[in-house]
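Note that subunit A is present in both complexes that follow, paired respectively with subunit B and with subunit C.
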Partner chain A sequence: MTYIAKPRLHHPSLVKNKAGYTRRDYEGAVSTLCAGCGHDSISAAIIQASYELDVLPHQIAKLSGIGCSSKAPTYFLGASHGFNTVHGRMPSVMTGANLANKNLVYMGVSGDGDSASIGLGQFAHIMRRGVNMTYIVMNNGVYGLTKGQFSATADKGSISKKGVANSDEPIDLVSLAILMGATFVGRSFSGDKHQLVPLIKAAMAHKGAAFLDVISPCVAFNNHPGSTKSYDYVREHNEALNRIDFIESREEITTSYDPGTLTTVRQHDGSILRLRKLGEEYDASDKVAAMKRVQEGMAAGEVVTGLLYVDPSPKDLHHHLNTVDVALNMLGDADLCPGPSALDRINAGLRLSDTSSPCWAASLAASSGPPSCPWPWASCSPNSAAPSRARSPWAARPWAASAVPRWALPSAYGWSCGRAARAPAWCSPGSP
Partner chain B sequence: MKPTDIANPDYFHKVVDCQWACPAHTPVPEYIRLIAHGRYSDAYMINWKSNVFPGILGRTCDRPCEPACRRSRVEDENLVKGKKEPVAICRLKRVAADYKDDDDIDAKMPKAPEKNGKRIACIGGGPASLTVARDLAVLGYEIVIYDQDPKLGGFIRTQIPHFRLPESVIDEEVGYITGIGNIEFRHQRVDSMKAILAEGYDAVFVGSGAPRGRDLDVPGRKEAAANIHIGLDWLSSVSFGHIDKVGSRVIVLGGGNTAMDCCRTARRLGGDDVKVIVRSGFEEMKASPWEKEDAMGEDIPILNMLVPKEVTHKNGKITGVLFEKVKAEYDAKGRRSLVPSGEPDEHHECDDVLVAIGQENSFPWIEKDAGIEFDKWGLPKLNEKTFGSTHPKVFFGGDAAFGPKNIIWAAAHGHDGAISIHKMLIGENPEERPAPGVNVASQKMGIHEWSYDNAPTIDHRLKVPHRPKKEALKDIMAEVELGFDPQLAFKEAQRCLNCDVQTVFTGQLCIECDACVDICPMDCISFTDNGEEKDLRTRLMAPAMNPTQDLYIGNDLKTGRIMAKDEDVCLHCGLCAERCPTGAWDMRKYYMEMTQAEHACRKQ
Partner chain C sequence: MPQAIAAVNDFVVKFANVNGSGSASANELFARSILRMGVPVSPRNIFPSNIQGLPTWYEVRVTEKGYLGRRGGGVDMMVAMNPQTWAEDVKEVSPGGYLFYDSTKPMPSSMFREDINVIGVPLTAITNATYSDARQRQLFKNIIYVGALSVLLDIDDNEIKRLFGEQFKGKEKLLDSNVKALNLGRDWVKQHVDAAAVKLKVRRADNVGDRIFVEGNNAAALGAVYGGATVCAWYPITPSSSLAEAFQAHCKKLRHDKDSGKAKYAIVQAEDELASIGIVIGAAWNGSRAFTSTSGPGISLMTEFIGLASFAEVPAVIVNVQRGGPSTGMPTRTQQSDLLSCAYASNGDTKHVLLFPEDPGECFDFTADALDLADRLQTPVFVMTDLDIGMNHRLCKPFHWDEQRAIDRGKVMTAADLDAGKTFGRYLDVDGDGIPFRTYPGTHPTKGAYFTRGTTKDEYARYSEEGAVYVRNMERLQKKFVTAAKIAPQPVRYSSPKPTRYGVIYFGSTTPAMAEALDQLEAAGDHVNALRVRAFPFAQGVEDFIHEHDRIFIVEQNRDAQLRTMLMSEFVLDGRKLVPVLHYDGTPITARFISAGIARELGQLKIVSFEKAAS
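Take a look at the complex of A and B:
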């Protein structure tokens, strides 16, 4: 840690992004982590990624649990929303927050203790629910705050600072995340920002559960010979499968490239990920192959990094739950208490018109068309339709260089800063 | 690029921009820190050793250090209202002189040892000669200083008005030198170099300045001579009390610092309508910006692009000066020439004209056959390293050597001249110059504690308090600038970035964790693949676009990359070293001082 705050003076060439902020504006308080901690590098990568994405600081929510990693959100995005939860319970809080206000960009920051030990159950469930978020585990293989005991991600045979070998099997969060249904899974290394920053950017832009396992050496307790999470070990055993070169929108595919060196992943929203191949042939959209490759790497003692798995057509929690387009925290009293006429309609829908059918649900299923639909908003957002992207923070594809994203403009985010004074017309009870 | 050789004393010397820019290479950050600590006497002695006249220079220096100051490159426009400014180095120097403990200083002053039997003549009693006298007196030489004026000081005493530099300050600092002993002052005008050489001196140092003021050559000059004065001579006469009044309407011709001194002096001797009129544009004037500012602050307008054409007079009395209006034109090579603008001539009425359009060297007293050769501009042919002339025993320094410069250059020349004389007299080769003394020490006090105040402030430059104008203009002896008080001095001193506390990198210790890259507020540090400098400068964390500032290259990294640090905008805040887990970065103070005659010679 340092005793002085980072000076406000900055390089004369520092430029503002399209949102009107410099990279320094995305910083937080000065870190109190140990000097040389990998977590600080990951913080710097998050700052860089947020700056490059032109994201408005107050449109980000960063949530964390307990541990060195979970202290880290204090040290970046100082102007964003933050929530420091009970140990291992960050996924629940993030799920709830995301349910209430899906318009924010969610970033979960956790560690190997917080996610693989005390919070393992929570970790699994947030992945299978497909919460739209970027979940970053700063993985150092030890409990740093309690002076370096092995954590659940420590490799078997890894030697502690005291010289004792770890006898337990490691939990591989990458495999677990893929298995549990995360739709964007990558692994990286705090000492390689060229790989890490684009991965974080792509994860933040991914509209589903994105998980990044970032190996982050603990300089105080796990950076010695015999450790499998030291700077030297990770550099020697790093098997980078690919590197995200750039992300571009459908409208502007102008860059020419050598097809032999790049893999293209066309995503459902039209954006395209260009993955630079590093060595072997690897298809990041093949889930089974991804699990196989990760396991093979583990068996061979490699640290397999890069974008390991991406589902180009992710579905998120709100899609599964079929919620309305507007964030739930934006619904006004008129939407939530539509009044006696709406109640009458609901009741009418529940009434058995046909005595031969004893079940009200069957009646509901039989009824068709908006007039008899019991929930006023269900008719507005049919399950099959794609969510209206016009109001999504990602609609404008912020990585597109040509256009300022809608949500980066003050006029576009006004609606998310509080409850709307008047509910939008399309969301009020429809029938007379 | 090759790894940086930090063993070369010049490398880190260059990083200390102020010290590098100073002709005498005064260790500026060191004395500024001492001022912040309230150790004024120690700060004074560092200055005294290096530039001999801290109290005088703290009021009058041309301050080449300030335009070089790193602070003016790193300040945030938004925090300083668009004006990036250097540390007020010069005025802080004055603080050391103002608040020093005089008894303490007296005790610290050197005393001359027993005479070594060799005698040196110094011609002229200005700063160059006084510096030679000081450096050589402490070695046992017997010094004789000749000057035409009754007191030592040269131009310091005769040209700088007392409202800028009180005489007591000159007396004090000249006194420190003569107080060493073995220094004799002869109030005697030297008319013959041969005569001096005939007196058997072992060496002669010529520090006679550039004493001749350039004259005006226009019609009417002779007829109105009674009211046309050469600025240099006029200021000197004012200084010695021979002149105590001037007409109420005064025109000062010329745009240098002498012109500024003339006009401000005229304001105090009865001139209420004083104007400065220059040939060139306002921006190209030779006067320092702050001197122009001070003159304009005393209600003296500066009119530019006017070339004097004729002095008008009636019945042998001046009535005014006629000026031709000009404009600047640039040829293909960008050279400027002033051509008539075609507008009608302007006439300015006046009672007196002060001519301050330049000064020249003048050596009528050096006989052609004295063995000293001169070049076509009338300057002595000198060895640029040793300041030795074509006569083996005669050395030059100050304005006499390379034409008019300033006090700090004179002091620097004096040190060099003294080294040459000493080396010559002990039989060494004066061409071999001594290396500077360098002392390197880590500033680490504890895990996160440094022996210097490493947090940069964001305060903007403080103004030196001035005497109220009404009061100042009434009394020619009343010093206008009152100087910083200790509180202001502390605040201003804190603006110094401590550029002498260097970031030193040891590649073998580095684990490439990026901690320094992440914390550096100025994005100075990059770990990248090596390349040519030109290419490297473009692909760092932030582009290094100032080619006058070096890239510090460190190697021996495990990944085979290099560490490249752009020295240009480093705040020397030490955060890289604080965040470094292995001590690969360390903050080390490079205390560099120029070697003077006392320690320069006698190789082991």
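Take a look at the complex of A and C:
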């Protein structure tokens, strides 16, 4: 039925969230994934989480790579801009997007082939840069679109649909994310909505690199006996360490629990994570303990789920780069272009001596002490009183005829900008 | 006594040094002091892919006429400071030229040549007698030879002292010690050498004017600041690394908020070139102006992403500081050999916009322009500079910025436009130029959102693999490319004083050598018109120029005549008319090479025309 467009009319009685939108406003197109695909459950969880968080639909940007999972963003958040990038390289595109506008919520969606095989390098580097985002891997251990080859997260010994046992060690993205410096790391299961939705909400509220590994069985190619990513296997081996209640900063806390069963984590934005203990003692703020517990689980064949690690006061890439509060894509000419007077000072400096790096003058210095770089135009500052630049930029091209430097001309030559017979069309810029 | 080359303000001095010995600064001081006397110089670094220990050269062409290309031929004076390369350095001196060397240790006469003039100065002995610290000995030895040369060549030592004064302002101790070293060299030569025997002299002139002296990478970085780039992502690669570093330096001075001290830019040193271009594309998709700088191998890695940006129509600016290829090639040598790999980067049918700056001045202009063009055309734009322009100081006209110029962000639909009911189709050509409107993410709560993808889509960004939809899109992209030819920098034409059937086409760093070569040809009675191509897609003026001449010489710094290939295929031309003149050994092309190449071909053509006359 995927060829049928979803009706855009909403039932008038649908409940609106605090932002004024119904749950349906967070939906996307009808899914073209296989019936029963775990990815559709994750899409539904993302829709639910976004609706419950009262985030404006267009304030989310969703990015993905290539693969079944990376198709999923078509099926949620239809009012958000989306970018289906190239295979394994979504992290760099999301990093750039985040740099351009720090004020949107970034949702990266990827798969195990996309993030652990072809894109392992970019996966690691986006975590270590601390990009403020929610990065979800829909992890099924196989390549679905190319019909069932193992991916790099397939467990050693897991049997493919064709009966072949995987002989390679699996890459555990949770361990890698923690190691690389992600500040919010969880694992969940597409079949456990009650665990997954609060995890996604908490990750979206987290102001740093948040990573969720969501085991999402592939009904077409990896849901058979012998697979360690099947519905049955994950249900049997799921070891949930905790349950999260995500409480937004403005919400009143009404539910009460027995003391001793709860750990409260207050995130930097004021939101509160209540971690309900399930059986064993587990401290999600202890990075080393988290690594140990995850590795123990792997050794025992468990699928350890829950909020595995959180740093409640993360520092993100914009913090490291000390960028201005306003989004970089909102800066105007006066902020960006230093103007002609600053350029005059720069020119003056370049007539005297050069200011480019490496500083040649500093390397002349033979005595001890820190090398210094003399910038003759060091006193210049951005032209604060920038004049209005409303004129068409095409009228002000520097490649107009006057830009030809006289001294570059062969001295014996007269030069002309056009032929006598015709108007010098290529002398001036064509109109756009 | 060998003959002695005599020249005033027109000679070449080459310094042979060991990499990492601090010689670069002293050699540059030498070049600047001549500039200060009003005499143009054109210095070039010839360096290895190495930090310390390997041979490195610095060639200074002193040229009152202002020929800034490499001259070619032997050198008039060799300052031979590297025993490793002694034999080849001595060999390179023109007969009658001069060899300047450190005469501390006696050397057998077999190490010299009879037909050149030898000037020995015991540099090591002088430094060892004066300094005890090893590092000081090494660094001041360089200043001492600058002092010695200043006497031999008549360079005004006051200019050198003024340069010291500017550099060590407020550090009088350093100033004094450098002046002392300079005078050590000067005094020794005055006492022991007949400077009049050296007939290469610098004479004060007024030919520098208000020109600036700057490296192309530095200039391109400044162009990125003026062009409004806020995101720069890069991966270190010779010869482009200093571009991103210069952008950082410029931004530190020009792009911090006065009150908060915060940065109005973001620079990321990425993990590789794939990530660099990915970050640029992500930022530009989200409405920031973004660029990366790289060289050939980086372009190879970026190719898939370049295809995405082109097909999904996302702006991106890539400054390619070309080096010798293929593969790792010659990392520290220059070439113009990435034209094809950039113009047609990506799988499938793609074409990209290339700009060809001639010097640092155009590196500034074109990098700023590229940011406008990328936003206007919603596509990747390459600034095709090279090592010769990027990493050498070059005299060029001062940077200029029009007070009235505004950032052109191209066709961007705002929330107000959407509310006013304007039709938004992300890939819908509403006015016939092939360029659609776009929206930035986060613009409007219910309108204007779309899904960006590398797959085929219809005018409203909906996924489609229908043949007709695909063809419509590809034809619109072709239309956009035609628009690009009209708004990209137009070619520059030089006409011979006499009518001629011959033309020459060239681009980029060949320019200064070409200016000199045309003078040489003209002096020999060979008249040639010239056209400098400044962008791809080619403007109509390029095709007209070709059709107006019987023979066109195409001068390039690559083996395969890449520009010629592009001209032939884009304009569907008969290749027999287009004669390649190719220089690709990794050194910058010289006027002598060009004029000799063209003169040889013209000589053959003249024979043909005689036959024609006989028939």
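Here is the rule we use: the second predicted complex is superposed on the first by the 314 of 432 C-alpha atoms of A that agree within 3 Å, B and C clash if a C-alpha of one lies under 4 Å from a C-alpha of the other, contacts with A are read in each partner's own complex, and residues count from 1 in each chain.
Methods note: a contact is a pair of C-beta atoms (placed from the backbone, for glycine too) under 8 Å apart; a residue touches a chain by one contact, two chains touch by 3 or more.
None of the values given here were measured: they were computed from a predicted structure.
Enquirer: Could you say whether A:Cys337 touches subunit B, subunit C, both of them, or neither, answering first, second, both or neither?
Expert: The answer is second: A:Cys337 touches subunit C but not subunit B.
Enquirer: Between subunit B (first) and subunit C (second), which does A:Tyr309 come into contact with in this model arrangement: first, second, both, or neither?
Expert: A:Tyr309 sits against neither subunit B nor subunit C.
Enquirer: Scan A:Asp232 for contacts with subunit B and subunit C and give back first, second, both or neither.
Expert: Once the two structures are laid over each other on A, A:Asp232 reaches subunit B alone.
Enquirer: Looking only at contacts as defined up top, I'd like to know whether subunit B or subunit C touches more of subunit A.
Expert: Higher number of touched subunit A residues: C.
Enquirer: Scan A:Pro7 for contacts with subunit B and subunit C and give back first, second, both or neither.
Expert: first
Enquirer: Could you look at A:Phe189 and tell me whether it touches subunit B, subunit C, both or neither (first, second, both, neither)?
Expert: Once the two structures are laid over each other on A, A:Phe189 reaches no partner at all.
Enquirer: With the two complexes superposed on chain A, say which partner A:Phe76 touches: subunit B (first), subunit C (second), both, or neither.
Expert: In the superposition, A:Phe76 contacts neither subunit B nor subunit C.
Enquirer: Figure out whether A:Asn101 sits in contact with subunit B (first) or subunit C (second), or with both, or with neither.
Expert: second
Enquirer: Which partner chains sit in contact with A:Phe221 here, subunit B, subunit C, both or neither? Use first/second/both/neither.
Expert: Touch status of A:Phe221: no partner.
Enquirer: Counting contacts the way the document defines them, which residues of subunit A are shared by the two interfaces, the one with subunit B and the one with subunit C?
Expert: Residues common to the subunit A contacts of subunit C and of subunit B do not exist here, since the sets are disjoint.
Enquirer: Under the stated contact criterion, what part of subunit A meets subunit C in this complex?
Expert: 56-59, 61, 63, 73-74, 78-86, 89, 91-101, 103-104, 121-122, 125, 129, 317-318, 321-325, 328-329, 331-333, 335-340, 342-343, 346-347, 350-358, 360-361, 363-367, 372, 374-378, 380-382, 384, 387, 389-391, 393-399, 403-405, 407-418, 425-432
Enquirer: Which residues of subunit A touch subunit B in their complex?
Expert: Contacts found on subunit A: 1-14, 24, 30-31, 34-38, 40-41, 43-44, 190-191, 193, 217, 219, 223, 231-232, 235.
Enquirer: For the complex, which residues does subunit B have touching subunit A?
Expert: Counting only subunit B, the residues touching subunit A are 73-76, 79, 448-449, 454-456, 458, 511-515, 517-519, 521-524, 542-543, 545, 558-559, 569, 571, 573, 575, 578-582.
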